[in-house]
C-alpha cells in the first residue's frame, strides 16, 4: 500500500467516523464512543511516558483525578465556567506530576511501577478522606455544569460531546505527532533504548523524563475537565488503580509508542466489550490473559512503533536514495 | 498503655501475615530479579480455597475444627503452590530470554487474570469465614486482654518463617536457592539445576502466600476478591523495607510494617492507614532503596 | 595549551582502589594513549572524566571548567564526548537516528515549539540531518543511513559510535578501545580515521591494547598500573622505560 492510498483511506475513515452522529447512531453508542475517546486521550498521553520514554507509569489515573477535581471544585464552589477551568486543570495536574515524579524518575522500571501504583492509591485515599474539605469524601462532587463553548452555546447532547471529545483526540494526536518527530521525541526514544547511552551523548535524561511526565499529566488534567463536565458527577471510585491498569493495558496491547496502535487499543479495550454485553464481567479476565499471550508472541503490541523515516536534505537526498 | 499493647500485638500479628506474603516476593526476586505482580492474587486465591474447604465443603463437620484447620492449610498450600508453578510455566518461563519489560507486563497480566478469575468463580461480594475457628478467648498479658487469635496468628507465622529459614540455610536445596540468587550463571556451572530452583521458589512462595490468605480469613473473618492487590502492595513494601531478595529482611520488614500500620492507625488516623504504608514505600525507595540491607534498586547512571 | 587536566584523581569501589591519585594533562591537538594491563584503572579514569562515576577526590578540569560534579550530559555539552568499550549504540534505531542523538545537545527546538510545529523546528531538524550525514560520510557509513544500527558489523558499530561522538561538536573525544573487535583492514582504516579526526582539530584520548596501534597513532602515552601512573611521555621513550617493560612482562599479555 503506497503512502498516498494509505493517507486516502485514513481520511475517508476519519470522515466516516465524524459523520457517525448524523447517520442515526443512537445516543447509547455515542456515549460508548465518547468513553472510547476519553480513554484514547488518556492513553495517548500515557503513551508519551510509557510508550516513548519507556517509563513504567501505572499512576496516570492520579493526574486525571487532579484535573477532574480541580474543575469540579472551581466550578461548583467558585462558579468558574467549566471551559475556563481547563487550563487550570492541566496546570494543576502538571504541577502535581512535577512534584511527585521528580524524586522517583530515576527508579528502575518495575520499582517505578510499584511507586506509581502507590501514588494513585494515596490520591484516592486522600479524596475519600475529603482532603482540604473540598473533595466531598467518598460521594465525590455533584452538580458540575455542562460546558459553554463560545459561539456554540451549551453542550448537552451526546453528539455535542462526541465532537468535543473526538476533536480533542484529533488535536492531541497532531500535537503528539509533532512532539514525537522532534528532537525531544527522539530523545525520549533514546532514553527508552538505553538511558546510560542517552545521557552519555549529551541528553539531559532526568529533565527529559520529567518533562514527559509533566506533558502526560497536563493532558490527563485536560481530560479530567472534559470527563467532569460530561459526567457532571465525579467520585474517587472513578480514579482507582484499575483505571490506571486499563490505560496501561491499552498502550501495551495497542502498541507502545504508536499513536494508531494506542487508538486501536482504546477501541478494543473500551469499545469491544460493549459489543458483547454478556461477557462484560469477564472482559478483564480476557485482557489479563491477552497481556500474557501478547508478551510471549508479540511483545511490541498490535501496531508496533516504527523507526522514524526521514527525508534527507540536499545534496544527500540525491546521493543516498 | 492499653492502646500501645493492643496495637503492638495486633501489629505483630498482621505483620506476620505480611511477612509470609513478602517472602514470596523476595524469594522470586532473589532468583529471577522479577517482581511477581501476581503473587498478591495467589495469596487471595489461597484465602478463597480455604473458604471453599471450610465453608462450602464444611470440613470441620467431618474432622473437627483443629484437624480441619490443619488439613485446610495443607491443602491450600498444595493448591497455591501448584498455581504458582503453573503461573511460572505459562506466564514467565517463555519470557526468560525476553527483555525485562515483557516479563513485568506478563506478570501484570497474570495478576489481572487471577483477580478476575477469583471474582468470576467466587463472586464480587465479601465472603465470610466461619466464626470461632479459633475459640473466642483472650489471654491476659501485662494487664491487658489479648485475643487468642492474635497470638495464634503471630505464633503460626513465626513458626513457619523459622522452618523456612532453616530450610534455606541448612539444607542442600536451600543452599541451591541461595546460590542461584547470588549468581545464576555460577550456580549453573556448579551443577545446580537453576530451572528447578526457579520452579521451586514459585511453589514455596505462593504456598506461603496461600497460607497467609487462610490466616487473613481466620483473623478478619472476611475476604474479598481484590484483597490480593492491597495485601500484595503492602507485602511488597515489607519486602522492600527488608531489602528485596533478602529472606530474613522480608520477615523483619513484614513485622515492622505491621507495627507501623497499627500505630499509624491508632495514633495518626485510621482512615489514612493504607496511605501511610504507601508513603513508607515511596520514602524507602527514594531515600534508601537498599532497604535495611542489600540490593540497590535505583538505576545506575 | 592544556585542554584536560587531571590531578590526584582517586576512586575506590567498596575498598578496592581502582584509581589511586592519577595526574596527567592532555594538550590541545594531542592524541594521548592511556595504556596499561587489564584492571589498571583505564576505563575508570574515562568514566570519571566523562561524569559516569564521581571521583572520591582529586580534580578534573576541561577547558577551564571543573568537571567533578557534572552529569555526563553536561560534560558532553562542554565539548567532551566518548565511545564505549562495550558498544552502547541504540541498536533498534536507524543509523541516522544514532548520529542525531549526538546532535541533540546542539539543537534549539523546545518542547512547546515542537508540539506546535513552529517553522524553526524544521530548520533545526534539517541542519541536524545535514550534520549527521556529514559525520556518516566522514566515517564511511553514509550509504547505510536508513538501516538499523544493530545490523552493522562489530567494527562498523565502533565507527558509528565515533560518528555519534563527533556529532556533538566536541573539542575532545575519548575512545575506549576503538580497535577492539576490528580486523586488520579495519584497524588500518581506523588509524587513518583518527588522523583525520585530529586534523579537524579535535583532541583525542584513547585506551587501546594493541601496542603497535598505540605506538603508531599516539603522540603521548600515559601508562597506568594498579591505579597509578607509572610512566608518561612520548611513545619512543615509553618503549624503553624499564618500569613499563616490567609491568608488561609481568603479565601474560
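Residue numbering begins at 1 within each chain, and the chains themselves are lettered A, B and C in the order written.
Everything below uses one rule, namely that contacts are C-beta pairs under 8 Å (C-beta built on N, C-alpha and C of every residue); 3 or more make two chains touch, one makes a residue touch a chain.
If you're wondering where the values come from, they're calculated on a predicted model, not measured in any experiment.
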| item | value |
| --- | --- |
| Most distant chain from chain B by Cα centroid | C |
| Chain ID, smallest distance between chain and overall C-alpha centroids | A |
| Centroid spacing, where centroids are CA-atom means, of chain B and chain C in whole angstrom | 49 |
| Distance from the mean Cα position of chain C to that of chain A, given in whole angstrom | 41 |
| Separation of mean Cα positions, chain B and chain A [Å, integer] | 34 |
| Chain B residues counted as touching two or more neighbouring chains | 301 |
| Residue numbers of chain C (touch at least two other chains) | 52, 71-72 |
| Numbers and ranges of chain A residues touching at least 2 other chains | 196, 199, 205 |
| Contact footprint of chain B on chain A as seen in their complex | 54, 56, 103-104, 106-111, 113-115, 117-119, 121-122, 125-126, 128-129, 195-196, 199, 205, 241, 245, 248-249, 252, 281-282, 284-285, 287-292, 294-296, 299 |
| Chain A contact footprint on chain B (complex, rising order) | 34-35, 90-91, 94-95, 98-106, 108-117, 119-120, 229, 233, 236, 269, 271-272, 274-275, 278-279, 281-282, 285-286, 289, 297-301 |
| Of chain A, residues touching chain C in the complex | 175-176, 178-179, 181-187, 189-190, 193-194, 196-206, 211, 215, 307-308, 310, 312-313, 316, 319-320 |
| Contact set on chain C toward chain A in their complex | 50, 52, 71-73, 76-77, 81-82, 84, 88-94, 96-97, 100-105, 107, 109-111, 113-117, 121, 124-126, 128-130, 133, 142-143, 145, 148, 164-165, 168 |
